[in-house]
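Consider the two complexes below, in which chain A is the common component and chain B and chain C are the respective partners.
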Partner chain A sequence: MFTMRRRALCKAVVASLASAAMLALPVSAEPKRGGTVVITSTPEPPILTNALSSAPVTNEVATKIFDGLLEYDMDLNPLPSLATSWEVSDDGKTVTFNLRDDVTWHDGEPFTSADVQFSLMEVVKSHHPRGNSNLGPLESIDTPDDHTAVFHLEHPYVPLMRALSSLEAPIIPRHIYEGTDFRNNPAVNDPIGTGPFKFVEWEKGNYIRLERNDDYWRDGMPYLDGIIFRFIADAATRAAGIESGEIDIATFGAINPVEMRRLETLPDISITPGGYEGITPMMLLELNNKRAPFDDKRVRQAVAYAIDRQFLTDRIWYGFGTPAVGPISSALEGSGAFTDEGVIDFTVEDRLDIARNLLDEAGYTPDENGVRMQIVHDVGPFGEDWRRMGEYIKQALSKVGIQVELRNRDYPTFVRKVHNEYDFDMTSSWYIGMADPTLGVQRNTWSETINPKVPYGNASRYDNPETDALWEAAQTEADPEKRNEIFHDLQRQLVEDSPLVWLMEMNLVAVNNDRVHNMITSPLGIRDGLYDMWVSE
Partner chain B sequence: MADLLNKNSVLRKIVTNVSGVISLVILGIIVLLAIFAPVLYPDGPFEMVGNPFMPPFGEFLFGTDMLGRDIAAGIAYGARISLLVGLVATFIIVLLGTVIGGLAGYYGGWVDTLMMRVTEFFQTIPTFIGAIVIVAILGPTLPNVIGAIAIVSWAPLARLVRAEVKKTVNLEYIEACIALGMSDIRILIVQILPNVLSTVVVAGSLMVATAILFESGLSFLGLGDPNIMTWGFMVGAGRSAIRTAWWMVTIPGLAILFTVLAINLLGDAFNEALNPRSKR
Partner chain C sequence: MWLARLRYVFNRVLHGLPIIFAIVIVNFFLVRLAPGDAAQVLAGESGAATEEYMRQIREQFGLDQPLYVQFLSYMKNLLFFDLGYSFRHGREVSSLIFERLGATALLMGASMVLSVGFGILLGAIAAIKDRTFLSNMIMILAIVSYATPLFWVGLMLIIVFSLNLGWFPTSGIATIGAPLGFWDSALDVAHHLVLPALSLSFFYMALYTRLMRASMLETLGQDFIKTAHAKGISEGQVVRKHALRNAIMPVLTMAGVQVSAMLGGSVIIESVFGWPGLGLLAFESLFARDLNLLLGIFFLSSILVVVTNAIVDVIYTIVDPRIQLRSNTRNG
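Our next item is the complex of A and B:
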């Protein structure tokens, strides 16, 4: 009797599960037209055209309005977007793009190769903060006809093909910008693009509204009727908005990590993994390599050993990250650029003893209070989590006899002291490693990027002819296998020298309501066009 | 006139006053906590001693914060800072307020006009916003925080002292002193100061509470010295986790509440003890 009942129960459960699955499958697989998604982000963007700015929220808004020539799959291989196909010449110095012939701008004008030529050569290359690293060797673009663009490069440049997304190299309308002062053109904040969504209005301090582009070149897309970006000053209010269902998506940073973990446990709210593989954000400590005590490699290594990356990832960032191995993110494993082979492992069991020995060797012996040296740590001015990380680093370094004084500076002072005047011992910061190390990682350790006029370059002023030669070789190497070998060498040498201490690969995930589908379908995640996102009721 | 120098009588009045006793008990506990903080918690308030997010009354009396630091240790070390800030800032405020108010009230004329215009200048600045601006410009270190609190708070006391001095200066015995040829300084210190002292003591004791609140407010906004554990800092840091861990903000918040309350009660008790009209 009992067994029968149990078996019957099992059957019932299996049957109901199966029917649920059958019911669920078509519903979740079949995208539905209509609906509006509300996204909250912070801070409000300075401008809405990402050809002229790399501000994170500018990117989040503008990538819906503009298209790039290419898109990328999760392994960062190029996919067609405005370009339908492309061909790289044998010498790697010429790339021919065939463009779509059915694309119009939001104002009805046709999109042509002249727009590509103008956008990349006149605007992005010289005005986008990363324009020069993305498009540096690009000498000219020929436009033999309206739907063909021929790129001429100074030398083969593999990273170019990873930098033509709407995030890094958006195509903007030549007929609106040509002959104007780009930054003061009214279209900067009333943008006209070719993308899936059209700009409608921006009520400053409140929201930005985008509506569906009915003439979008991808048939039947986008699925959404519109996207609203809401700007709310207080993090707790943003969290409450997600909780009440008033807001569908909150980007990383809009809600405190600890609150994200709480929201995640609610039935209708999830954190969808992924969506940052194309930007590979990395958190690090910058050490002033030109000043004692961090002019000594052993002291820098000691700091790298003294910090417990797992603790930092779990306790300060609530698991929104992966302990870092070196300068290049493990998210680039798919393209083969990442390695941990032969790279010093700072997470070994006896790391604190090693750190103390290194400091002894360097001549920093402890005084009667166990203090070997005193340094000042300028905490990156990015919010309270960063301050808490500073408190942890202070405690962690005190374990090996490094006494740390914390200093909180406002953002402009921080940039001036650290990046313009190099007046610091140690700072916490982060960088966007991008889809290729040459594009994002190189600038932190290449001696050519030591420039007090350009912040967020090589602030530690690390200057090593050997690694410089490797970075330069990677720029011109056309063979992907050989390039990856160069990057592996770079990781081994840079970690050995530890001019910077790479702490954590940041997982910039977003919190979303479960009614949102296709949250993350590209390596740019929420920073992509969202033409395939849809909502269920 | 009540005489503060006769300490026994004032103290007795405070000790026999209910709110006076309550305030002295609370303040006594806080002072003891401050003194013995390094004995009770030799590792300091920043040491991560346990797992994060441990609720109170378990392994740790007041639980742990987001990094696993003992909140009780933070309360003990925070008491030192709160008391230090309260006392030092008040000392500066009282010194500035008494000197400026005293001179303005005693001399009158252009000295009064000049000093009161300067005082009014400081009074027109919203106090807390003024303190934020000063700390933001000079940088968040403990001396700067104390200085900022003092700079924005002395003006009302100066006006109060000036009014009291003006009242006293026209009394006949002062005229007698002048006729006797006493120097101005001597008249101010020996004759006038004792008469305004009760006002200064009462106002000053309330200033201690205000200064502690100011410091907590600045730390809460992230404008405190990052190397020092304070109650306001604990509230500010715990705020983002308030939905998951109530104790991180509640316990330091209660510490601020009780300290400020106790000081205010003590101020009231002083007022009653020193005010001749309150004699029953």
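Our next item is the complex of A and C:
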């Protein structure tokens, strides 16, 4: 009961802060049981178990079915979920979790510490795409009794406590998976969890239906009778579905930003702010640091100066973002990892002159047409808005004499050329920074993550012993203050070197019908369990 | 007669087998020319991956095997009508395809009936009332609908009939999670079918209208029509019994050929209306490099085209009894 109140209190504080900031929010009424919410997202998920895949839509569905050990408040401090309390030893190498004793799986079996040990050690650590960075130095888990799990770490690892949500480290049933080939286990697409909603059916190419888990361990929750995820291939039709009221919620990316701004003006449709603080998504340009012209720091900096981040945020992405300072997002200001002190400011008044001077210094002088160099920009294959951004970048760089040819490729070709063959000059992309820089940001610039066999690592092949040392120090540093100082150093040094050009912190907001209440109550937003979401008719 | 027709269809399909076989071989190598593989797509969608994860996926799908090994095992499986396993969906390809076949067949069937039916009707009227206001209006309508992109027609119908008038749902094939009886759910599906079937038939209707008009005009100018008139047969009789039956043949031929083209058009309509059919499945599987699934759909489409053409041949003999069915095995 104590833990329940803590969570509720925290949410109340967050909610009141949010409404104070917004003022426009309707007066929140008493939650009501019943009703079904229809969510549209894209593309259809490959599988439904996020212990084995971190595809965005897999996460959106699976976080309703599975629980994690912890949840997080808006400042990313841990809150109880399957774990009621926890204790970190003085040397930071042992963490003891006390688990709930009243939880059952959707098939009726009791949940125990053996499930935790199995899920994290056998499945998540080796099979989840980010398992290794999330659980890195976790060596073993002891289960002295059914409701205690003792984590043993090789060295202190602060990010661990930020990576135990149902999004990153879901707990899956041992009695169903043990001794099987995990990926071919039928339960992968017919999942059994402990979460607020049970899986009912998946009609491929059409919808996924979840229904209320009547035995959910949070008393009286969830409020909804069910959730339906609908998959519609055409963005305009998804928008029409929101407009007609057939669809209640559309996740970011399901509807073009310009359409979102139009829908927002309709009387019963809103965009609820927040819900991505634990994900900290970042949009960026990746530059090929191993070949000319981007092997020269001055050219990379010139690109960073030449792009007007505010214009890009307002005009290309319709304000769904914040101009980026560097690799570490300002969303991490709460935990102290972010800084802009002593970081090069690319938004200064005379930025275009600085860019031209840098290019002169680097020896790229303009020819009679004012062209200093020609490069190819492979546009990230994530939709038409990205192509529009490509056109803007082409225009922006032409002002400093860089002539850009745009190239659009389909997704698999793009991944192979950029991440496997490194055959590119400049690409646009985005990454999920997660709740801690070590978890999400590190892989873009750490030399250990240069690996042609693994996409979405360090594609720029930036290789700097100094920043490597800082990343490695941040992994083992146990003192949060000292860790934050390391991150501040990284922010300054990486922006100085500009191996990548960080453009915009993305606001992954969702569009929703006003009948939906408690849209955003956690830093994962609609990627969380939604057990406290409710609808009015 | 019916037995002969049946035997004819069987023979035609038998002759189609080597063609289908050749298509399968070409397809197998063709789809592998596209760079990137399913493991890269899956890992890419995840936003991050470990080497271990990539290796596991490749091993599971047999992507680590040499190409000829993959080919041989694919052909061996195909002999037993095993279309393999979908990388992305984690399921048997055959069950995935058959699950979606119904939706596409419904959409195509309805569109076929609408477009051929209205095409013949409008084309015939345009020919009979040639050089009148009505005829001109029909031909203008035909040109406009022929020139309008499918997706645009679909979106306009959604805006007018779903958003403004609220008569039809914007997308989907049925109301989700509503327990309905047989008739109610049939009605529900029909309600969802109206807009996509109309959009898809729009383009083809225009084509058949033009074809029918030209063919009808030609037939009406022929000597046997003059003879019929001379015999004193009524205008209506001449049109229905003499002209229409003869003029209809090119439309049927075209419709037979276009079954495969309609499968392509339904990709667009299925994506606009969120119709859970085969076209959409093919489209998605291409971008996910889900090669087994893509090959399975190609395989099914090639069978579909061979069978439809045989059936169209049979329909000829019904419409025009003068046409004889001849299998080239016996008569060369």
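We adopt the following convention: the second predicted complex is superposed on the first by the 509 of 537 C-alpha atoms of A that agree within 3 Å, B and C clash if a C-alpha of one lies under 4 Å from a C-alpha of the other, contacts with A are read in each partner's own complex, and residues count from 1 in each chain.
We adopt the following convention: a contact is a pair of C-beta atoms (placed from the backbone, for glycine too) under 8 Å apart; a residue touches a chain by one contact, two chains touch by 3 or more.
Bear in mind the structure is a predicted one, so any value in this text is a computation, not a measurement.
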Simultaneous placement of chain C and chain B on chain A, clash or fit: fit
Chain B versus chain C as contact partner of A:T438, first or second or both or neither: neither
Touched partner set for A:P43, first chain B, second chain C, both or neither: second
First (chain B), second (chain C), both or neither touched by A:K204: second
Which of chain B and chain C A:E259 touches, first, second, both or neither: first
Touching partner for A:D410 - first (chain B), second (chain C), both, neither: both
Contacts of A:S113 with chain B and chain C, given as first, second, both or neither: neither
Which superposed partner A:V379 touches (first chain B, second chain C, both, neither): first
First, second, both or neither for A:T467, with chain B first and chain C second: neither
Contacts of A:G226 with chain B and chain C, given as first, second, both or neither: second
Residues of chain A touched, compared between chain B and chain C (which is higher): C
Shortest span in Å between Cα atoms of chain B and of chain C, once chain A is used as the common reference: 6
Doubly contacted residues of chain A, that is, touched by chain B and again by chain C: 236, 410
Sites on chain A touched by chain C in the complex: 36, 38, 43-44, 46-47, 53-56, 126-133, 183-184, 188-189, 203-207, 209, 226, 228, 230-234, 236-237, 240-241, 243-244, 246, 410-417, 419-420, 431-432, 443, 451, 453-457
Complex interface listing, chain C residues touching chain A: 34-37, 40-54, 56-57, 60, 88-91, 96, 99-100, 151, 155, 158-159, 162-163, 166, 169-173, 176-177, 270-274, 276-277, 280-281, 283-284, 287-289
Of chain B, residues touching chain A in the complex: 46-48, 52, 66-68, 136, 139-140, 222, 226-227, 236-237, 239-244
Residues of chain A touching chain B in the complex: 235-236, 239, 256, 258-259, 261-262, 315-316, 379, 384, 387-388, 390-392, 394-395, 405-410
